[in-house]
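Below are two complexes that have subunit A in common, paired first with subunit B and then with subunit C.
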Partner chain A sequence: MSRFAFMVSLYRDYFANYMKTKLSYRADFLVEVLSDLMFNGLNLVFIFIVFMHTPSLGNWSEAEVVFVYGYFMIASGLFSTFFSAWNFSERYIVKGEMDRVLTRPAHSLSQVMLENMDPPSIVGAIVGLVIMITSWSTLGLPFHWYDPLVLIVMVLGSCFIYMGIYTAMSAISFYSDAPTGIGPLIYNIQNYGRYPVEIYNKTIKFLLTWLLPFAFVGVYPASFFLGRLDEWWMPWLTPVVGIVVLSLGLGFWNYGVKRYRGAGS
Partner chain B sequence: MLAIDVHDLRKQFKVQKNREGLKGALKDLFKREHTEVAAVKDISFQIPQGEICGYIGENGAGKSTTIKMLTGILVPTSGKLVVNGFVPYKDREKFVQGIGVVFGQRSQLWWDIGVIESFQLLRKVYRVGEADFRARLDELVETLQLQDLLNRPVRKLSLGQRMRCELVAALLHNPSILFLDEPTIGLDIVVKTEIREFLKRLNKEQGTTILLTTHDLQDIEALCSRVIMLDDGRIIYDGGLEELKSRWGKGREVQFQFTDPVSLAAVSAYTGDMAVRWSLENDVTAKVWIPREMNVSDVLSRVVGQKEISDIKIFETNTDEIVREIYQSGSAEAPRDLSALSDDNASEKEPAKAGAGER
Partner chain C sequence: MISMYLDFVRIRFLMMLAYRVNYYSGIVIYAINIGAYYFLWKAIFGEAETLQGFTVIQMSTYVAVSWMARAFYFNNLDREISNEIVDGSVAIQIIRPYSYLFVKMMQGFGEGLFRLLLFMVPGMIVVSFIFPIELPKDPMQWIVFFVMIWFSFLINSQLNILTGLGAFFFENNQGLMTMKRIMVDLLSGVVVPIAFFPGWAISVLNWLPFQAITYLPGSVFTGRIEGADVWNALLVQVAWTVVLIIPIMLVWRAARRRLFVQGG
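Entry: the complex of A and B
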């Protein structure tokens, strides 16, 4: 617990520094938020366009799909706020900044996360919440007192899944010195997760549920609130899968750090 | 107690072999060949607490690899390694709390924020109490004269200013061992001297153990009582600097400047059958190399009075030359014919050969 408190206090300090740096480049900050929003806005527009041509997608109405998308935005926005080390391989492995990280008394992954935090992403999460609430009322869904609590548990589970997968992906650079093209591939697969998996064929559904469980960052947890469940326990797997994936990712990372070779100085 | 205890330490890297040409590249695609390259080959040494030890070697000799193993960055392939009572790569987070690291070519500080804010952040990371931090910072800032720099962003500092800040950053948590990887690289002579003085004082007052790698042998002469010399992953010399000098630096050189032109034959005739060697710098300047066991005065008495002399200079073989000679022979065990030393004196003073990137 003291370790957790330590991390929280570190996050606060790194955040303060982030703000100090960013405030000197205010325009940069705004552009980042705007481009983030535009990116998500376009995806939303895409959903609307699809539904202009068809009343439903594999049994899912427009409002439901938008609801799922809102949930996806919350989870992915929150995740990106804390973790956005997309250039990990280049910056830390090729340039050897991992050396510095490893000479400091805090877990290496948490340091990398702190150094690459991206607070503007939180705006996306807020917009996602707004979208979710709006479609909640459009759909006339019942509201229970425990729904917000369940949402928190689900979103945490979803973030763990992202973190596990992207941690493992970053850790690949410890094992292979050639930059791999796996990043964009995973990112594309991730984007399938925000639509109902029923619309895909069986293979993709299986892949998104059990192999790269991105369906747990979207349709499964969201269907708890939508009340459309073939199996009632499916949404509840979200936190479980989250913990499993995160543990695997961390294990892969910790083992990889031992194989770090450093860059020629 | 030993600060650093190393036994048969070895580090091997797997290096991918790239075959030549397009055909080779295609072959590589399907079947990769790897070779094991040993950067550090079973070295052993012990450093007691409070010692300043210089770790020298050519580029690619394995200095940085050793330092990275000692600081917990790299995991050794084999061998025993205890630093400050810890096995560095095992208890990394606890271990690094007790060491300070400065990499001359890499910054510890945050680029965009003020120096003092970087220090504050490091204080948090290392969990140093506010009072301790203040006291320590004041002391360091005063000795290194950083008062005016504290509020400037790191990117606006000169290299010398930055390096002094790096030292403070590495010492804020009061480490008992300080690792320096080329701390004076690229600095001017004033800053170099300042940093050397500071390190000496740190060692004397706080008893901090210091291990530094450098290409600048002036650093070694100014600081180190002990030198470990590395060549191709092996230790070729481990011992005192004085011993190194007396074992190798067996000659002295005297340079005479005459008022009138002289010839080699003429000056050689002055010393007759003495075991010295003459060389001519230009028409009026001649140099004579004298082995250590011979008295300089004997030679001088022979030459002085023969001809009018406008100036005399005496040179002691310096560490640069000794080290270069050792690298060339590849071993510090048996000093060879030392007359070779004086031959290269006039040539370049650069001790390190340019080589492939350091491992």
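Entry: the complex of A and C
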């Protein structure tokens, strides 16, 4: 418990530091929020335009697809708030900052996360929540007392999946320092989880469900609230898959740290 | 004089060649993108034979060719120019005996040429094996298409230069660059062909340069624009290429007056 309190206090201090540097460049903060929202806006415009020409997308209505997108925005916004070490290999391995991180007492991954937190992303999550609530009422879905609790569990599970996958990806640079270009690859695949998986062929569906389980950051958990339970246990796998993926990612990271020899020079 | 600029093309080409491993994964990324949009569009078509005059085959061809054309015309000139302005190295470049903007354009072309040969061509071959697409049979269509993506490159690079020069005027140019990127992706027709937009949007987009980047060459390639209309499409591209020179000149003139490099 004291370790948890230690982490919370660390987070508070890093956050205070972040705010101090950012407040001196207030416009940057706004620009980041706006760029973020515009990217999401682009995807929503795509959905709206598509549904002008078709009543349904593989049996999913417009409001349902927008609902799934709202869920996706919550999970990915929350995740990027705490983890956006996209340039991990360059900054920590090539420039050797990892050595500094390793000499400090807190766990190396949590330090990297703290140093790269991106609070503006939280706005995307809030907008996602608003979109979800709006389509909730458009669809006339029933509201149960346990729905908010389920949402928290599902979003946590989805964030764990992201964290596990991106932790593992960052950890690749412990094993090989050559740029692999795998980052953008995963990032692209990530975007397909927000559409109904039925529309893809078997291979991609399998990939999105079991290999890179991005469908659990979108369609599967959201279908719990939509009441589309062809397989009722599928949404409930979200937290399970989340924990499994996160443990695998952490294991890969810890083993990589042990192997890490520094960039030399 | 010309040979000097050609050297910039050559040097950038060789520089890209040194980092070619990144591009093999790039082909996979584009194939995945094309694949995802292919399935999305197939679901959108559902039972329908045609949508907005597109058949399913035409649609998948359009998706494939517009992503591959993007590989050729896409470059990061906006980021490069913006960074050089922020770190001040633009000052050294301006006093050199060449046109800074023209050199940037040539570097972008070297990059594009590299992507055309090592990315677009092999990518197109890979994609045509995986997805049902229909390549044009008329050699004239191929020639016109390659001329047109050359203009796509010019127009897109001009927009990039214009955005990059924004760094002279804004302390943080990131927002402008993001906005431009989203506008090009959405309004040029990579994500959705212009024909799918609502009527009022189409009439607005016809007066913007974005459609000339992807939609027009893509339409020629899929055979949606034929006969005399092909020349009209090409004319629109030429007109935009010429028109865009004016704002670049104005901004460049205003920018050089503002230039103030700290230290050195």
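Convention: the second predicted complex is superposed on the first by the 264 of 265 C-alpha atoms of A that agree within 3 Å, B and C clash if a C-alpha of one lies under 4 Å from a C-alpha of the other, contacts with A are read in each partner's own complex, and residues count from 1 in each chain.
In this section, contacts are C-beta pairs under 8 Å (C-beta built on N, C-alpha and C of every residue); 3 or more make two chains touch, one makes a residue touch a chain.
Remember, it's a predicted structure, so these values are computed and weren't measured experimentally.
Touch criterion met: A:20 reaches subunit B, while subunit C stays clear of it. Of the two partner chains placed by the overlay, neither subunit B nor subunit C lies in contact with A:153. Of the two partner chains, subunit B is the only one that A:258 touches; subunit C does not reach it.
Of the two partner chains placed around the shared chain by superposition, neither subunit B nor subunit C is touched by A:44.
In the superposition on chain A, the chain among subunit B and subunit C reaching more residues of subunit A is C. In the superposition on chain A, A:123 makes contact with neither subunit B nor subunit C.
Look at A:102: by the touch rule set out above, it reaches subunit B but stays clear of subunit C.
In the superposition on chain A, A:243 makes contact with neither subunit B nor subunit C.
Looking at subunit A, you'll find no residue that touches subunit B in one structure and subunit C in the other.
Across the complex, subunit C meets subunit A through its residues 19, 21-22, 24-26, 28-29, 32-33, 35-36, 39-40, 42-46, 48, 51-52, 171-172, 174-175, 178-179, 182, 185-186, 191-192, 196-198.
Interface residues of subunit A facing subunit C in the complex, by the touch rule stated above, are 25, 27-28, 31-32, 34-35, 38-39, 41-42, 45-46, 49-50, 52-54, 56-58, 178-182, 184-185, 188-189, 191-192, 195-196, 199-201, 204. Against subunit B, in their complex, subunit A makes its touches with residues 6, 9-10, 13-14, 17, 20-21, 24, 96-100, 102-107, 177, 258-262, 264-265.
Residue ranges on subunit B touching subunit A, taken from their complex, read 13, 16, 64-65, 68, 71-75, 89, 92-94, 96-97, 99, 101, 103, 105-108, 110, 112-113, 117, 120-121, 124-127, 181, 357-359.
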